[in-house]
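Below, subunit A partners subunit B and then partners subunit C, in two separate complexes.
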Partner chain A sequence: MKIMVCIKQVPDDSVKIELDESTGKPSVEGVEPIVNAFDTYALEMAARFLETGIEGEITTITMGDENSKSSIKNCLAVGASHGYVLHDDLFEGSDAQGTAYALGCAVRKIARDEGGDFDIVFCGIETSDETSGQTGPMLAESLGYSLVTNVIALEKKDGVLHVKQETEDGYNIVETPMPCVLTAARPNYDPRYPTIKSKMAARKMPIGELSAADIGARSDKTGESASLVKTIELAAPPKRKAGIKINEEDIEEASLKAFSIMTDANVL
Partner chain B sequence: MAYIISDEAKDLLKDVKNFCDNEVLEQCKEFDRTGEYPADLFAQAGELGFTSLEIPEEFGGPGLSRVDTAALLEEMARADAGFATVISATGLGLKPVLIAGSDEQKQRAADLLMEGGLAAFCLTEPGAGSDAGSGKTSAVRDGDEYVINGRKCFITNGGHAQFYCVTAMTAKDAGVKGMSMFFVEKDTPGLSFGEHEDKMGIRTSSTCDVVFEDCRVPASAMIGEEGTGFETAMKTLDQARAWVGVLAVGIAQRAMDEAVAYGKERVQFGASILKQQALRFKVADMQIKIETARQMCAYALNLMDAGEPFAKESAIAKVYGSDIANECAAEAVQMFGGYGYIRDYPVEKLIRDAKIFQIFEGTNEIQRVVIANHVIGRI
Partner chain C sequence: MTDRNVFVYIETADGESVKVGPEMLAPAREAAGGGKVTAVIIDAQSDQAAEKALIYGADAVITAACEAAPPENTVGILTAMAEKYGPDIIMIGSTPAGRETAPRLAARIGAGCVTDVNALDITDEGIVWTTPLFGGTILENVGISTDVQVVTIRSGAFKCGEAGDPSGEIIPEEIIMQDGDVKTKIIDSVVEISEQVNLEDAEIIVTGGKGMGTEEDFQKIQELADVLGATVGATRPVIEAGWTSRAHQVGQSGKIVSPKLYIAFGVSGATQHITGMIGSDYIVAVNKDEDAPIFDVADIGIVGDAKKVLPIFIEECRKLKGI
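This part shows the complex of A and B:
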C-alpha cells in the first residue's frame, strides 16, 4: 500500500492574524509556520491505517519554498517515510486548479521514480489560510482517480477500501476502488506528537526537491498566469459592534426591555 | 534572550513547547489541586523520550549538549515545575551510573529509561539531610550478594521509578569512606515504598520514603568501587545543582510571562497597569534576574560539557536560580493583586512550586557553604 499525503505549510492558526493595511496582505511575520491541521489529520489517519497491519509506507509532499522543508520534517517524524518539496518560481500565485495540476504531475512523477502508483492520495479537506477546499477534489480530477471527501476513518476489507465519510447528520460508509483521492476531516483523536528520537531521525532524512521541469509541469497550466481565480482584494472581517447592555435591576423590566429592543429591530 | 542552542534543539524545543502547552499545562492545573499522580501524562512523556534526554549517544540517547537539554527542561518547568521535577529527577537518578557505573550498568539504565521509565536517587534519610554522610542504611555482603536495610526519605519518583541509585554503608566505622552506591531495580524483593507525601508545591511529582528490608542485590549491582558511594553522590549533586537552577528559571520565566500578560490587560485609572512605572520596573527586575540566572546555568553546564571544574558555578546557578524564582513568583502574585491570591489564577501555584527549589538537592545554605569553601579555600 502506497499512500501520498499532500500537506500545506500555513501560519499558526492559533494566533490572531491581522490584515496589514499598507500591503493589503495578512501580517504573518513572526507567526510560526505549521502543517495545516486537516493535513495532519490525513497523515495521522494514514499512519493509523497502516498500523492496523497493512504493509506500506507514506510519502508526503508540499508545494512551497525552502522553509516548507521544516513542515515536511515534522511529517517525517510522525509517520511519513519520504518527503518532497515542490518548488519553482513558475508555481508562484497558483490557484487551487494550478496547485492541483502541479501536485498531480508530482504524484505521477514520484510514483514512476519509486516504482509503483500510489493507492491513496490523501489531502486535508481545506487549509486554514485560504479555506477554499478545492485542491483535493481538483487533484482527483487531475489524476483521474475516484474521490471521497470528509473522511474520518478508513479500513481495508476483502481488498476493498471502506471509508467513513462524515456528513452533517452522521456518517456514510463508502466503498471506493483504488487509486483514490481522500480528503480528511477532523477525526475524534488528535495527531500523535513526534518523539525526541523520531524528530532527530527525521532531521537526517533526505527531502527530495522537485522543480516544474522535473515533474513535466506546463507553464500554461500552473502559476499566476494560468490562474482562473484572481484575488482582487483581501478584507478583514468587520469588527463586531458593541452589544446592548440591559441594566434594569428587575427581571420583569429587563425582559420587557429586551422584547422592546427586539421588536424595534423587527426580529420578533 | 534564551539559551543559545543547536538547530536540532530548536526544532525539539518547538515540539516540547507544543506538548507542554497542550497537555502538561492544562492537565497539571487539575493534578496540582487533587495531588493525584498524573501517571498517563508521564507514560506519554516517557514514550516521547523526555526521560531519555540525558542519556549519552553511545548508549542510545539523543546526544544533545547539556545546554540544549536545559532549554527543553526549562520549557517543561515553565508549564509545570512538578512535571519537570519528575523528568529532571530521572536525570539525577541516572547520574551516579554515568559517573561511576560499568558499561553494563549504563546500558541497562539507558534501556530502562528509553522504554519510558523513570529513575530515582536515594541519599536522604530521616536523620541524614544536609549531613548526608550520617546515613544509617546498611549493605552487608553475603556471598555474591549485598543485603540492604534502611529507610530513605523525600525520594522523588519513589514508587514510580524503574531503578534506584541507593547509598548504603558497607563499612559502618569508616565514615563517609564506608559508604557505597547500589543499582536497585524496582521489583527487587525487600524494596517497598511509603505514603505519597502531600506536598505544598510540585504536587504533580511523587515523593515518598523508599524502604529496604533485607533487600538482596547481586554484588554486581554496586556502582563503582566499594567505599566510593559518598564521593559518587557528591559528584552527582554537583552536577544536579545546575539542573535545579534550570528548572527554577522556568518557574521564574512563567511568573514573568503571566505577570506581563495580566498586567497588559488589567486596566486601572483608565489605562493598563503596565503603564505605571512602578510595575514596569518590577518586570524589568524580573527579566534582569531571569536572564542572569539562565546564563549562570548555561555557564555551569558548558563547563561540564567542556570537562572543566564546575562545582562552584553549579552551586551558584542553583542558589541564584531558586532565589530569583521565589522572588519572581511573589512579584507575579503582587502584579495580579487580589486575583493573584486566588487559586483560579495561575500564579499562587508558582510560589508554592518555587519554594522547594531553595531546599532540595542541597539547601541554599549548604550551597553557600560550598561556594564559600571554593572561594576562601583553607585558612
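This part shows the complex of A and C:
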C-alpha cells in the first residue's frame, strides 16, 4: 500500500490574521509556519491505517519554497517515510487548478521513480489560509482517480477500501476502488506528537526537491499566467463596533443592568 | 450591461431543495442581467423543488430524474448539461456535496472556480466575486477569466428574493450515465444526530462555550432557550468535550448564523467562532475575562461568571414573558 499525503505550510491558525492596510496583504509577518491542520489529520489517519497491519509506506509532498522543508521534516517525524518539496518560480501565483495540476504531475513522477502507483492520495479538506477546499477534488480530476471527501477513518475490507465519511447528521461508509483521492476532515482525536527519537531520525532523512521540469509540468497549465482565477484585491471585512461593557462587582446588578438595556433595545 | 445565462444547481434532500438553493436565485438574477436563470434539479422527485425555484425567480427549470445523486453523478450530469446548454455561470450551494461538485465540474469543463462566495459586484470588466480568506478575517475579491465561471454560494449569504408566480418552463432531461462515471458506492449511511437543529433560520440563538464550566451547567442554556423560543448554539470546544452534538456548532467549521439576537455565555470568541456569528443583528456576551475578544463585537458585554448570569437571565426572561 502506497499512500501520498499532500500538505501545505500555512501561518499558525491560532493567530488571528488580518489585512495589513499598509501592504494590502495578510499580516503573516512573524507568524510561525505550521502544517495545515486538516493535512495533519490526513497524515495521522494514513499512519493509523497502516498500523492496523497493512504493509505500506507514506510519502509526503508540498508545494512551496525552501522554507517548507521544515514542514516536511515534521511529517517525517510523525509517520511519513519519504518527503518531497515542489519548488519552481513557475509555480508562483498558481490557482487551485494550477496547483492540482502540478501535484498530479508530481504524484505520477514520484510513482514512476519509486516503482509503483500510489493507492491513496490524501489531502486535507481545506487549508486554513485559502479555505477554498478545491485542490483535493481537482487533483482527483487531474489524476482521473475516484474521490471521497470529509474522511474521518479508513479500513481495508476484502481488497477494497471502506472509507468513513462524515455527514451533517452522522456518517457514510463509502466503498471506493484504488487508486483514489481522499480529503480529510477532523477525526475525534489529535494527531500524534513527534518524539525526540523520531525527530532525530527525521532530521537525517533526505528530502527530494522537484522542479517543474523534473515533473514535466507545462507552463501553460500552472503558475500565474495559467491562473483562471485572478485576485483583484484583498479587503478587510466591515468592522463591528463594540458596545457597552458592564464590569461591576455585583454580578446580579450587572446582569439586571444588561437585561434592562436589552429590553429597552427591544431585542427580546 | 452584459447578459449572461446562469445555471443554478439546486441540491435536494428527500425531494426538497436545501436552504441555499432558492437563496442563490437572487444573486443569479443579478449576475444574469437580461440573461436567463435556469435551475437544475437532479432528483427522482423534483416537483416541489422545481416549483420553489420558479416561485423564487428561475426562468426555467431543467430536471434530471436520477434516483440518488451523490456528487460523482452530479458532476457527470452537470458536465453534460453545461455542454448542451452552454451557460456562462454555474452556481452551486456551498454544502459539503457542493464543495466537492464545483471544483470537479470546473476542472472537467476547464472553468475557473471560486468557492464560498458571499457577495458579488457586477462591473464593466466582469463579475467580482467576494470570498473569505483565513476563515473570514480577510475578504478576497476575485475575477474568473474563463468563458464559463463556476462558483459556490455560501448558505445564508443572500436572502431569498420575493416570492412570485411559479411561471416558467420545466424541461425534463434524459440522463445518460457513462460507464465509469460512478466509481464509489455508499454501502451504509448512519444517522447519529437525530435532533433537528435549525441555527440558520433562528431569530434568537443562545450559545454556550467552555466558560460554562461543566456539562451540567451547559445544559441550563437550553432552559433559557426554551423561555425565549431560541435555538441552542455551541462552540467547537464544547462539541469536542461531548457536551452536545455538532449539529449545534456555530462558526467556521459549523454553521454561519445571522439571528436578530445572539447571546453568548462563556464564549471567549476565537476567530473561527466570531466568523460564524458576526452577522447577528444584536450580540450580548458574558465572560469572566474582560479582555475576551468576544467583547470587541458585542453590543452588550457583561464581565463576570456566565454560570451566575444565566439563572438571573432565565428568571428575568420568565417574568418578561409571563411564563
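FYI, the second predicted complex is superposed on the first by the 242 of 268 C-alpha atoms of A that agree within 3 Å, B and C clash if a C-alpha of one lies under 4 Å from a C-alpha of the other, contacts with A are read in each partner's own complex, and residues count from 1 in each chain.
The rule is short, and it goes like this: a contact is a pair of C-beta atoms (placed from the backbone, for glycine too) under 8 Å apart; a residue touches a chain by one contact, two chains touch by 3 or more.
Keep in mind that this is a model prediction, so the values were computed, not measured.
When the two structures are aligned on the shared chain, A:Tyr193 is found in touch with subunit B, with no touch to subunit C. When subunit A is checked against subunit B and against subunit C, the one touching more of its residues turns out to be C. When the two structures are aligned on the shared chain, A:Ser225 is found in touch with neither subunit B nor subunit C.
When the two structures are aligned on the shared chain, A:Tyr171 is found in touch with subunit C, with no touch to subunit B. Touch criterion not met for A:Asn67: it reaches neither subunit B nor subunit C.
When the two structures are aligned on the shared chain, A:Ser211 is found in touch with neither subunit B nor subunit C. Judged by the touch definition given at the top, the superposed model places A:Glu18 against subunit C, while subunit B stays out of reach. The contact surfaces that subunit B and subunit C form on subunit A in the two complexes do not overlap at any residue. Here subunit B touches subunit A in the complex through residues 8, 11-12, 14-15, 18-19, 44, 47-50, 52-53, 62, going by the rule given at the top. On subunit A, the positions that touch subunit C within their shared complex are 13, 16-19, 26, 95-97, 100, 128-138, 140-142, 146-150, 162, 167-177, 180, 186, 188, 227-237, 240, 242-248, 251-252, 254-256, 258-259, 261-263, 265, 267-268. Only residues 32, 70, 73, 77, 193-197, 199-200, 203 of subunit A touch subunit B when the two sit together in their complex. Residues 71-72, 96, 99-100, 102-104, 106-108, 111-116, 128, 130-146, 183-194, 228, 240, 247, 252-253, 260-261, 271, 278, 281-284, 290, 293, 295-305, 308-309, 312-313, 316-317, 320 of subunit C touch subunit A in their complex.
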